[in-house]
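Two complexes are shown next, each including subunit A; its partner changes from subunit B in the first to subunit C in the second.
What follows is the complex of A and B.
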């Protein structure tokens, strides 16, 4: 899978294309990173300073943006006046819990779909992925009604169940591809060596670890960033970060500073997660597709 | 150690039979090779022995124990796979130790036995490597190490050296045979390479189309094939077949071909039995049972024309055109005939075979 050097020769066209691509990359970086920069800086600014912006076109006045006295008062307001520590915990439990459950059931189901032949297997597999085809909004009302009659609304287990409903088909779909690429002979060797079927299944899990890693990230991202489920099913007892942030917008008062700080608090854990498993994620998402 | 009895075993994949009514008995401690082309059912047989496939009908017994319904782990067999099937994320040591650890054997014993197996296979210096850092031959040794480390009842080798290069394959043939003799464990070795089977096995089971064609020692298989298919499959270069008719000529019974008439030996006349008199048969003769000369010899000879010479180092193969067919002759490299020249072939009648033209069974 290693990339290879491709011999290329300079022509006027490639030179123009090279400069154009540099310009594009710079614009793209500004487009994606500037909002984060503004958010990060503003979370440490007093509200007055945060809204001190140079006039449009006044490039010399850009220094104003960096002139401020750092303050932690917005973070204090999050964690002292509001209970953001609880919301972070809620987000972590909802995202992590659903990821763990989805990985366990997903890998078992994916392994079975990959290894065992049974009647209607193709239809079953299609049905599993087809549950992801309906837009979430379309099923929200019936789902809410079901959850309410089960007393799951406003609870963390309810939220975890909601996320798992949507993550599990995805897990099965991704992991099946990874299991398909593991040769049968490895499990067969395990079983002849003295392993049970379940031990043999466990023994090949390290071979699908990139797939599991990739899925866990996507699953956590889905739950962490989700607003709809959290607002409707988790509302009240299981408030997560996006919902709590939204509540900082009050009719008479939009707490811009606190919103910026909440944005930083929401973003940082996912950035850290991304950095830690960046390498894993990239190999994971491509490895399943390429047969070695 | 155990003897293996395969009794009336069938294997069906859906409606298609892959193994048909197979009966084999492997004595305790023997080296048995199942030989056949791809798709002949030999791998299915092996997988049924290992417990990786269900047995559709019939019984398999290790000693007197019926093992049809035992899971692979309870059969106490060790298998070496064609593609080695090493665990890529484990070191060589952990690969070899795996069967012992699955049996929860004390770690000091594990270390001892893995080291002993690795030393026997000359891979002791590789124990810390990962499979992807090994060459094909080394991987194969690791796979064998994993099989021998726990002293099973039965070894199953599924074309273990098919992916190695020719030189290493020749070397490993000797090694595996020696290993089996040293350990004394019953071994069933599946291969499509007749040379491997002939050179290593005590007994060979030749399979074709899911049916056992012949069971015997390598020399029986080679010298007394029971039918034309076995005769043609075993032996390299392959046996020559010529369609002849059996007729009487005076007191003799002769094989008549467009090019020649050769009398049968006295004992062979009775073996061919009266009913085939006048009928068509297939004569089979191996390249080394033919001798070639440029001058007409005294006794009955076949006249032909040299088509091409192939020098194979110590031997020479000569393809000779008869009128409507071609035969191969093995001779010495000193043979001086050139393509296009006429030549004469003499058959060693002690070593020829006659097969029925319909069902291919051997008269002798």
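What follows is the complex of A and C.
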């Protein structure tokens, strides 16, 4: 018979702890989700309504927040007055391109690193992972100088290459973990049956496919959300969503409505993707150190 | 009576024979084996190692171009005085100047202060949250709701909080004001509160990561230990501190190191929110570096600063990788 839970009885202390924890979670949830609520609502409000606040200390006036007539004019201004469709395309190409490059070369390298042993492998590994951990600004100083001499600044290929600096090491590191879990015996069996080495490699790809898929999504997430690379390397010709959103802040005129709408446009797809790869999120964000 | 005292107990020649035999055998063993011929030529395909290196080569080549080459370029840059026009060799002058640069030193102090406070708050709140959420009836929903801030682009998060903090129409400003915490000036406008404001944003966005990591760790806390402790009459609080927390320690260490490095890596939200201001109250080192390199385009000076930043990150990374490879850490 399966072991049963130890029965614990409610004491005054645990009761207080239970209520306290409920209050804590609810407060924290409100704190976490309130900015999202404000962003979504404000993107549909006219500016005059978005700026309305109750008097200081007037807690009963919070209802003002929900009183407005929805308008789509901020979204219209994004796509008509500003060319956000282009920026979305830029973001997609830069993020997708770097994810694809990283996953193709990364999986090859990860596979071979997982199957072969040689002297200096640990050092190679540390070099790969330290590339991923380096501060973005520090990486960008020489990269900017090199890219400028190659005329890559302000172009999408330049941005793709820049994103690859952190996505490729990440790919190698994470995917190696996935390949390590696939026994070599499967490839051996394939080769005994007459498959070439490369065919054997292809035969185990379906086994790591979920990992690779989740990883592609993570790469896209990182690149899509990036601001610094896009602001410096992509400035001019390859404007991505976060940079374009930031540019709505002008010294004389901060277009808050449009900023909120742009925030929604930038955030919603990533929230959806985050839910899709929820299972791999912890593994991905901790670079494979913690598994769920 | 014959005098036998000069005679050895063991016959003399036996000893020499033994000695000879031994030295002889060593001599034989030391001889090179001349009969061994070359190995027969293998009919198998070439050593697989080479094949794997071919697979690795493209990735390594790309990495070399985008990380190794820039790294040496960075060192080269740091020895020059670079402007828009071109460079002039100045040797270690850039480094010497750093020591008398108060903003550089101030940047390091602020960076450490920022990272440590962020981490302390995130750890406390994150672990508390994980313990409360763990095995709750609504765990799936709660975790999903909690991880939302992590999906937002940090730059967008910065803009959103700029809106919320605004002195005339920001809702958070209104809440803080109504609670009597803040006067009419925005939290971002004053030097002593601006740091708190940027820390709050970082806490908002990244506490969920700590919670997720801690949750993964909590699932692995051995149940039998907890139950045994409870049978022995330990209170839940005691249980937490003597069983759960020690078991959580390795994952939390990873979380701490990761977050610490991320605070060095990402300055997106801070850059958007305050840009280092007011004055230089939030000008942590990466922000200062950004300013030097990409506002004033002093790439040489920036390179010197970047190298000091890189050095610290590499040391942190070395520690992190060691923790990763420790079997006691999170890897199951």
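Here is the rule we go by: the second predicted complex is superposed on the first by the 252 of 292 C-alpha atoms of A that agree within 3 Å, B and C clash if a C-alpha of one lies under 4 Å from a C-alpha of the other, contacts with A are read in each partner's own complex, and residues count from 1 in each chain.
Rule of thumb we're sticking to: a contact is a pair of C-beta atoms (placed from the backbone, for glycine too) under 8 Å apart; a residue touches a chain by one contact, two chains touch by 3 or more.
Bear in mind that the values here come from a model prediction, so they are computed numbers and not experimental data.
Once the two complexes are laid over each other on the shared chain, residue contacts for A:48 go to neither subunit B nor subunit C. Of the two partner chains placed by superposition, only subunit C is touched by A:169; subunit B is not. Set side by side, subunit B and subunit C differ in how many residues of subunit A they touch, and the one touching more is C.
In the superposed model, A:186 lies in contact with subunit B only, and not with subunit C. Judged by the touch definition given at the top, the superposed model places A:39 against subunit C, while subunit B stays out of reach. On the side of subunit A, the complex with subunit C involves touching residues 6, 8, 13-14, 17, 21, 24-25, 28-29, 31-36, 38-39, 42, 50-54, 56-59, 65, 101, 105-106, 108-109, 111-113, 115-116, 118, 124-131, 133-146, 161-162, 164-165, 168-169, 172, 197, 201, 221, 224-228, 232, 241-243, 245-246, 249, 256, 259-260, 262-263, 266-267, 270-271, 273-275, 278, 281-282, 285-292. The touching residues of subunit C, counted against subunit A in their complex, run 48-49, 51-53, 55-56, 58-60, 62-63, 66-71, 73-74, 77, 82, 125, 128-129, 132-133, 136, 142, 144-157, 159-161, 163-164, 168-169, 171, 174, 177-178, 204, 208-209, 212-213, 215-217, 219, 227, 230-231, 235-236, 251, 254-255, 258, 261, 264-268, 271-272, 286, 289-290, 293-294, 299, 302-303, 306-307, 309-310, 313-314, 316-318, 320-321, 323-324, 329-332.
Residues of subunit B that touch subunit A in their complex: 50-52, 71-73, 75, 77-79, 81-83, 85-89, 98-99, 102-103, 146, 150, 156. Chain contact summary for the complex, subunit A toward subunit B: residues 183, 185-186, 188-196, 199, 203, 206-207.
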